[in-house]
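What follows are several structures.
Note that subunit A is present in both complexes that follow, paired respectively with subunit B and with subunit C.
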Partner chain A sequence: MATLQLKKLTSVWIITILVLFVLAIVFGILMRFNQGNAIHLSPVGFYSMMTIHGLTMIGIWFVAGMAAVNFLLQRYIKVSAGINVFALVLTVIGVVMLWLVTFVGEFHTGWTFLYPLPFRGAWKEWATPLFLLALGVLGIGWFVWSAGMLFQIFRKYRPAQAFAWQHLRKGSPEIETPPFILISTVTLIGIITCLVAAVLLLVLYFAEYFSSGSFVNDALLMKNLTFFFGHTLANEMLYLGLASLYELFPEVSGRPKFKMTWYVALAWNCTMVFILTAFFHHMYMDFVQPFAFQVIGQMASYFASVPAAAVTAFSVLAVVIKNPIRWSLTNTLFFVGVTGWLIGGVGAVIDATISNNFVLHNTLWVPAHFHTYNAIGNVLFSLAFFNWAANEFGGKGHTDKFTRLKMTLLIIGGSGFVIMFYIGGAYSVPRRFNVYPQEFSSLSILASAGALFACLYLAVIVWFLVNTVNKCLKVFSAA
Partner chain B sequence: MDDKHTFTLVLFFLLTVGIVAVFLYAYLSSLPSSSAKGGLTNPKKKRFLLFFILMEAVIILFTLTLPRSPYFFFANSTPSKVVFVAARQFSFAMSYQTIAPDTQAPAKAIELPRGKPVEFRVTSFDVNHGFAIYDMSGNLIAQTQAMPGYINRLRWVFDSPGEYNILCLEYCGMAHAFMRTSFNVK
Partner chain C sequence: MFKSIFCGLSIFCLGAVARAQGPGYVFSEEDKIYQKVADVNIAYDGEVRSLSGLYSQGPVVIALIYTRCSGVCNPFLLQVKENMLVADSDERSRVLVVSFDPRDGSGEMRRLAIRYGLDNDGGWIFATTPQISELINSVGFNPVWDSVRAQFDHEALLVGINDEGFITRKLTGLRDFNAFTSLLRSIRNEFILSYPLPNENMVFSCFSYNPETGKNQPGTGLLLLLLPALLSLVVVFVLSRRHDRKPRF
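Let's look at the complex of A and B:
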């Protein structure tokens, strides 16, 4: 049973995330309008926005998944509220630092901050060390949070049980591992691993920064470390969202809880292993990267995503098909989110195939697929949790008004927005161009059209924000 | 849009339609919450079939596509021309000779033969850049990265004569969108 303290904390997370989400969407829309020549931002203004847009989106949906898992874990184990507060405070400090760095310091490396760009840009001198420090602050908060939750899981479940290995043997196991515990464990392990890589990356950056030129990093190693950290974290945030789905989707649909089976256990153990090497697909176009890594990258990209996606999709479909379902905004968001995740996954698998990547890498195909599995995938998983939690905290039951209207507008807005990216990618339009060169000028209309669809998506999010915040605030008045 | 890009887009949209159709069917087939229990018939058989098809598809995709990776392109041929490429914020230097970091590359137009393999030796003198070759119709036909401290070798055969554009496809700073050059194929 969640304590009032945990409800308050989760409410603060939800409100903070939704406000930042709205702002980050606005930045995204402005960038697309700029690419469509409808408005004119300075290059520094555009790329600063691009940097904070990426950092904010990854950051907020990561902590959204963490806050949800933290809240739901309370059903099985006790999680420290102090660590949750610590993570919240450090996240807020880190976000403020990042916004300061980008908008006052004009730091504009993109969220990937590929080495050695942070040392070679036209921004304020203090921006680079403060940016690295901000990452350090966020990293500490998130590491402690993840390690704290994992520690508590391992206090109740032996590691082999938390990984559900007993379900891989024949016969009925004595102790059943809930799918939520397995996915949370797998994901927290992945998060801790990639945060360790982030520590190494930051140490190497600071070593060069303070060496006055006597120490220079290796660009290929730094790129591998950057994507080991960045790609893995972005993937893990999706799995955090899926953990909520496994816990809540059958429950809010009025169906029996998901049970652990050998194939769920196998799929998620596969994901835990393969996800740690899928990041190699970011280096396909670095032909000097060892060939074995390229092969591992393609194979891991397939085997990290396909089994988990197939198991989840099948489980969700089996719950719904020809079964009595209590549809609400929460489970509709989960359901549509799985569809968006799979479609984005198809786009991702196409791009993670080396022979395709050769003509798609760094075109608009890339933002196309990751916006699909985020904006109409993972984000919907977290919104589903937010809606469920807000109804728990201050709603009148789990019925919501205008569910069909909200979902229809969200789907039209989200789909229209990403379709423009896919078409742009197929036309070889480069990503991360603030303005399009002559040969793509006729396609800039796609950018403006995408921005208009995104406005529709934004309108639904603002509507959702108002409803959700109202309900969440009731937790504080209840005290 | 060339054939390869068209195929990719059509394949993606077909698979999308398939996924949406399955989920729409599931949604429409669901019953009011007060109904008696229904459910999927033969779920284990269907699950096995789904997994079997997906795993087969993944293995076939892997086996068919890996040999088409750019690392193998014209690996056993001798390039008829070698072009050295040095990228720096925000321009490309191209030369038939090696380019030293502290010198300006000769401003000589690059001309490459049609129908014969050529090799680009691509590096960067500052940050990461992209080296992406676009044909006359604006299709991205080949690319590699320009990374400081490393040389990426890209081999290609140009079938059509004309002016090909090079764009930087790795974000490298505020003038990234304007970093470009071109060469001719005769």
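Let's look at the complex of A and C:
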């Protein structure tokens, strides 16, 4: 049973995330309209917006997954409210610093801040150190939060039990590991690993920044570390969303909870190991990267994603096929989210294949696939949790008479938005251009069309925000 | 807690002090890359024209020299001349030789052109500019006057400018023909692969170069990629040591 304190904290997370989400969508829409020549942003304005859009989206959906897992872990173990508050405070400070850096300091490297771009100051001098410091603040908060939850899991479950290794042997295990605990454990370990990579990266950046040229970094090492951190974090946040799905989807559908099986255990253990080397697929264009790493990148991309996707799809289908389901906004969001995740995941695996990557790299195919598994995948997992939690906090049932309308608009808006990216990718339109090159100017209409679809998506999110915030605020008036 | 804050602040302050003491100038070929060159007025052939007017007609290679130089300027210009002669005709670009010494006038530059046999070569322009500070600042060139030797202390710098005025490549020192042609290709907006060679300031290089075999071997940088996973294992080990002896199922 969640404490009132945890409900309040989770409510603050939900409200903060949804407000930032709306703002970040607005930035995205403005960028697409600019690419469509409907409005005219300055190049610095566009790239500052692109930077903060990426950083905000990655950040909020990571903490959304963390807040959901933190809340649901309470069902199995005791979680620390103090660490939750610590993470919240540091996240808010970090986000404020990042917004300051981009909008006042005009820092515009993109969220991947690839070396040596942060040192090529086409922005205020203070922006680069403050940007790195902001990442450090966020990293500390999230590391402590992750380690705190993992610590509590290991207080109750031995590592082998948390990894569900007993399910890999023959016979019925004496102790069953809930799927939610397994997924949370492997994800938190992955998060800790990528945050350690981030610490290394920041140390190397600061060392060069303060060394006056006596210490320089290797661009290849910095790019590897950047994607070790960035790619892994972006994937782990997806797994946090899936942990919520495993815990809540059968429950809100009126079905028995998911049981741990050997294949679920195997799939998620594979994910834990292979996701840590899948980031090599970002380096296919780096001709100095050892070829073996490129091969590892491709193989790891398959092994990290396919088993987990297969068992999740199978588990979700096993719940809904030939079973009476109580459909609500929560489980509909989960179900559509799985579909979006799988479609986007296929797009990602196609791009992670070396021969394909030589064609698709840096085209709009890339934002197409990651917007698919985020905007109509992972985001929906977290919205499902938000909706479920808000209904729990608001004291009302889980019925919503507008579920069908909301989902229809969300699917049309989300799908239309990403399809415009896919068509652009098919025509090799380059990504990260504030205005399309002359050769592709006739395709700028796609960008405006994408922005219009995104407006539809935004309208549903604002509607969702108003409903959810109203319910969440009731926690604060509770005795 | 206090100790950690104190140590952190100390490192930050010491680092800031170290940074403040630095020369603030690096001999880096990456410095100012993809930034626009200053649109200064340049004087040659008895006329004053804008640099933008020159590069808008086609990419330009800028060589920064001064006529009274007793050091690198002469061998530098000779090598540029030789490289230009060997380069394919379709790759050649105009070379703008600009003096960064305010004492040099059009007469000195004209005599320099004659000395190199380039006075009637349309591919070469020997010029001066009244805005030399703006020009050298924009390309990241910082000659320092040495009053004892009555000479400028400076490096040999070749700057490639494309037809939009962006610096696409810089070459420091006397460089071989391959490096020179890569500069000529880059100012024609051709993408040039490059990877900085490991040097003594690059502690964590992914490769170490063996001059005897001429091959690269995996270096400490690649090993560093294992560190996050190893440290995470340590974290997991430490966290799992607190496992309650009594099962709480």
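The definition used in the following text is that the second predicted complex is superposed on the first by the 477 of 479 C-alpha atoms of A that agree within 3 Å, B and C clash if a C-alpha of one lies under 4 Å from a C-alpha of the other, contacts with A are read in each partner's own complex, and residues count from 1 in each chain.
The rule is simple: a residue touches a chain if its C-beta (ideal position, glycine included) is under 8 Å from a C-beta of that chain, and two chains touch if they have at least 3 such contacts.
The structure presented is a predicted model; accordingly, all values stated were derived computationally and were not measured.
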Original post:
So, does A:147 touch the first partner subunit B, the second partner subunit C, both, or neither?
Top reply: second
**OP:** Once the structures are superposed on A, label A:360 by its partner contacts, choosing first (subunit B), second (subunit C), both or neither.
**Re:** first
Original post:
Which partner does A:117 contact after superposing on A: first (subunit B), second (subunit C), both, neither?
Top reply: first
Original post:
Of the two partner chains, subunit B (first) and subunit C (second), which one does A:256 touch, if any: first, second, both, or neither?
Top reply: neither
Original post:
Which holds for A:288: it touches subunit B only (first), subunit C only (second), both, or neither?
Top reply: both
Original post:
Who touches more of subunit A, subunit B or subunit C?
Top reply: B
Original post:
Now for A:159: first (subunit B), second (subunit C), both, or neither, which partner does it touch?
Top reply: second
Original post:
Touching A:43, do we find subunit B (first), subunit C (second), both, or neither?
Top reply: first
**OP:** With the two complexes superposed on chain A, say which partner A:171 touches: subunit B (first), subunit C (second), both, or neither.
**Re:** neither
Original post:
Is A:219 in contact with subunit B, with subunit C, with both, or with neither (first, second, both, neither)?
Top reply: both
Subject >> Those residues of subunit A which subunit B touches in one complex and subunit C touches in the other >> reply: 116, 120, 122, 218-220, 287-288
Subject >> subunit C-facing residues of subunit A, complex >> reply: 116, 120, 122, 147, 150-151, 154-159, 175, 189, 192-194, 196-197, 200, 204, 206, 209-221, 224-225, 228, 276, 287-288, 290
Original post:
Which bits of subunit A are touching subunit B when the two form their complex?
Top reply: 43-44, 47, 108-110, 112, 114-117, 120-122, 218-220, 223, 254, 263, 285-288, 291, 294-295, 298-299, 302-303, 306-307, 310, 314, 317-318, 320-327, 335-336, 338-339, 342-343, 346-347, 349-350, 353-356, 358-363, 422-423, 426-428, 430-437, 439-440
Original post:
For subunit B, which residues count as touching subunit A in their complex?
Top reply: 1, 4-6, 8-9, 11-12, 15-16, 19-20, 22-23, 25-27, 29-40, 43, 46-47, 50-51, 54-55, 58, 61-62, 65-66, 68-71, 89, 126-128, 130, 132, 134, 138-145, 147-154, 165, 167, 169-178, 180
Subject >> Residues of subunit C defined as touching subunit A within the complex >> reply: 15-16, 18-19, 21-24, 26, 28, 30, 33-35, 193, 195-196, 198-199, 201-207, 218, 221-222, 224-225, 227-229, 231-232, 235-236, 239-240, 242-244, 247-249
